[in-house]
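As written, the chains take the letters A, B and C, and residue 1 is the first residue of each chain.
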Amino acid sequence: MARIELSSAKLKKDFIKKIAEISGQNIYECYQCGKCSAGCPMCFAMDILPSQVIRLAQLGLEDEIKASKTIWLCASCLTCDARCPKGVDLSRVMEAMRLLTLRKSKNHLEPSQMARPEVADLPQIALVSSFRKFTG
Amino acid sequence: MELSYYPGCTVKTRARNFEESAIAVMQTLGVTLAELPRWNCCGTVYSLADDDLIHHVAGVRNLMQVRNQGHSKIVTLCAFCYNTLHRANLVMKDQSDNRFGINSFMDEEKPYNGEVSVAHLLQVLRDDIGWEKIAARVTRPVNGIKIAVYYGCTLLRPQSAAVDNPENPVVLQNVVKACGATPVDFPFATECCGSFQVVSNREFVNERAYEITNSARKNGAELMLVSCPLCEFNLRQAQGKLKDKYPDFQAMPLLYFTQLMALAFGLSAGVNRFDLNSPETQVWLSQKQLMV
Amino acid sequence: MEKSAFTQKALVIGGGIAGIQAALDIADTGYRVLLVERTPSIGGHMLQYAEVFPTLDCPQCIMTPKMVEVSQHPNITLLTYAEVKSIHGSTGHFRVEILQKSRKVDHTKCTGCGACWQKCPGRTASEYNAGVTERTAIYIPFPQAVPAKPVIDLQHCRYIHYREFIESKQDGKKPPECRICERVCPVGAIDWDQTDTIITEEVAAIVVATGFDLMEIGNITEYAIDPDVVNGIQFERLLSPGGPTAGVVKRPSDGKIPQEVVFISCCGSRDPEHGVPYCSRVCCMYLAKQAVLYKHAVPDGQVYIFYIDIRSTGKGYEQFIQRGIGEGTIYLRGKVSRVYREGEKIKVVGADTLSGQRVEIAADMVVLAMAVLPAQGNGTLFSRLGIATDTHGFVQGNHHKFAPLETSVPGIFVAGMAQGPKDIPDAVAQGSAAAGKVLALMARNEPSLQPSVGILS
């Protein structure tokens, strides 16, 4: 496992500023208690914990976040927000991280490429909400 | 009494059973749910980005329409619509900069300042009508049936939109009691079903459905009551696949809470549109002789 | 200004360890002390613990000599079951009104033989046992109580209910007249006509040492209210050899000995969103201690402690934590999202951020380290005394660093948990420090002047 190098330049990255602006959250308020991860309903399918995602953000490690599936498995259920002792709304931080990719016109879900049989039974509510979340 | 009613996309199509039973139940309670003319999509899912105003516009347009029609309150049935409209409304009420931005963009004759309140049907039942009046309308009490009530997320989170205590809600249990049945507590009542992940990660939603349904079974439930069309779909569509994957899995009948009320009120099955419920539900209803 | 000599007496409010220490230190110097305690006995929370960290001393053994000293000391007047109702005057000459609650037992006749509480049919939750068991209506809170003579809890006394029923001329079934205590008392000490009395005293200085209470478990809504989900003090009673289960760790629901116990730190503390923002300071240490004591009692048992940080700053504390780890305590770094019952077990859903795993444990018992709060009633008392508190209800010192024990009212000092969460050595040290302030004041025999002077032109 390679060592990561931290410096003030790395920590003043645009990426951290953008996350704070879009989410409206001070990610440094998170004291890494892990309660969000403990209660996350989609965590069983994630490769890194939600609390680890915000830790990576605190350290400016944008690439590691982008390499993981976690932010795309979030269901925006807001359980993390409800239980966080520091009042950090992690669901907004997750949204901000997704938007950094989506706003570059890189859709996570490509509606035109979804096969008919896959989506035939889905109700509008599912299609509308997932397109809202995963397309730019 | 007449209440302005916002249906949303899904209850008009896939979840007609939810809408028709709701309208009939409310009519019996003396309330006409008058559909808002020219409503549009609520704009679900509520955007969690601070700088994103465009995604609130759809919801705000609806709220303006409510106000322009002369109403001060809009009642929703779909939990997602409730959540989205309620929070878009709070933006217009509490965030002056964003209110100005959205009003300028929409450039309507009369700017919208949060004059309308957004309620969910459960709030109307609990706060405006009351459980006593509801119980008084019950002609066919659904006695002896153990029901697990499943809330999902959007009725309880965030706190600003919660219709009840987010960790220990009781409103659906009270619906069950008013109908004469027995509510069963289980630890997954407020846990997320996986929501829109069903589109691209169905197998994960199936796992969630397994945990939630199994927990309800383990705690003695024979029926699950739902309040959200997406929860209903997620739990329903998983059942076939779960039976294949987990030999111990028992399918669970699913009803919308308004369907239970319609049964208890003795309303005809026509309003319940059981044909839109899962096959397991229909089988269960016939076995219980509730298909009348 | 006329100078009048200060009354040579001090008042200590609160008979826990800080108050006891302050009272003894003042009294040993020759000045008189009035110690007022609102419960039937002095001792406070320390007496409820099984063994104290890090030495694992028995608190009953080390405290009872001090408690007896208080009761025997020629310079200390002990008023238990009494509360301070009002205060007038100023430093050197405080006039205090104290309500001596009626015990309905004449302590001048009572010999503490115990015949009454052995026969009393009245029942309610025992405060000393933190609700784990019940006590009788006529009772001493614990065997080593000082004074070891009972009081009658009027709310749960059957004869009092009978009297109220008769006086209110209600309809319906008459409750039993009882009066068993009166019949069995060999010296006729039961006195139903005893009333509350007001005692007025003049004192030169006051030490407030009224202690703390734990936050209610129900405050953390995602943790189920369940007989096997207990707070730290309840677990102490289950561990204590003198406790309701004689030190055999039996879980409250079915009396079985738990094989897997989960301890959860920071329940309500360090939680600005749902609880209090501050750290309660003692929980890291007492959870570690309880884990060690549990392992002594149940050698094959497994202990898990969920934590965010481990705060072990006192003398010997870090070494004690390491000892616990060496003896098999598993520390999991993460908070717990949910606690709920599933059949015979209590499911604990948490995380271990160090290994990056979500962790689920099917526990037999769960112990919650609930936040330390100012004792119930502190707010009312502090208003009566006119002393300033911080935003959390703890007494505010005049200067955070240099005058932590001097309250906003000259002549009134604070010691112990009433000033903020702390461990026993610090509470004792503050008791002595406050006593020092009182003694300096009484020795000076005149008020000290505030440095700021106002000039009217």
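By definition in this document, a residue touches a chain if its C-beta (ideal position, glycine included) is under 8 Å from a C-beta of that chain, and two chains touch if they have at least 3 such contacts.
Given the structure is predicted, the values throughout are model-derived calculations rather than measurements.
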Chain whose Cα centroid lies nearest the overall Cα centroid: C
Chain pair with more C-beta contacts, A-B versus B-C: A-B
Quick one: report the Å distance separating chain A from chain C, using the average Cα coordinate of each chain. 46
Separation of mean Cα positions, chain C and chain B [Å, integer]: 48
Between chain A and chain B, what's the gap in Å when you average each chain's C-alpha atoms? 27
Which parts of chain B, given as residue numbers and ranges, touch two or more other chains? 166
Which positions in chain A touch two or more other chains at once? 44, 79
Name the residues of chain C that each touch 2 or more other chains. 222, 338
Which residues of chain A touch chain C once you look at their complex with the stated criterion? 31-40, 43-44, 48-49, 51-52, 79, 83-87
Residues of chain A touching chain B in the complex: 21-24, 41-42, 44-45, 73, 75-79, 81-82, 89, 91-92, 94-96, 99, 109, 114, 119, 121-130, 132-134
Which residues of chain C touch chain A in the complex? 222, 266, 270-275, 308, 333-338, 349-353, 356-359
Per the touch rule, the chain C residues reaching chain B in their complex are 221-222, 338, 340, 342, 347
Residues of chain B touching chain A in their complex? 8-10, 13-15, 41, 43-45, 47-52, 55, 78, 80, 153, 157-159, 166, 191-192, 194-201, 204, 207-208, 229-230, 233, 237
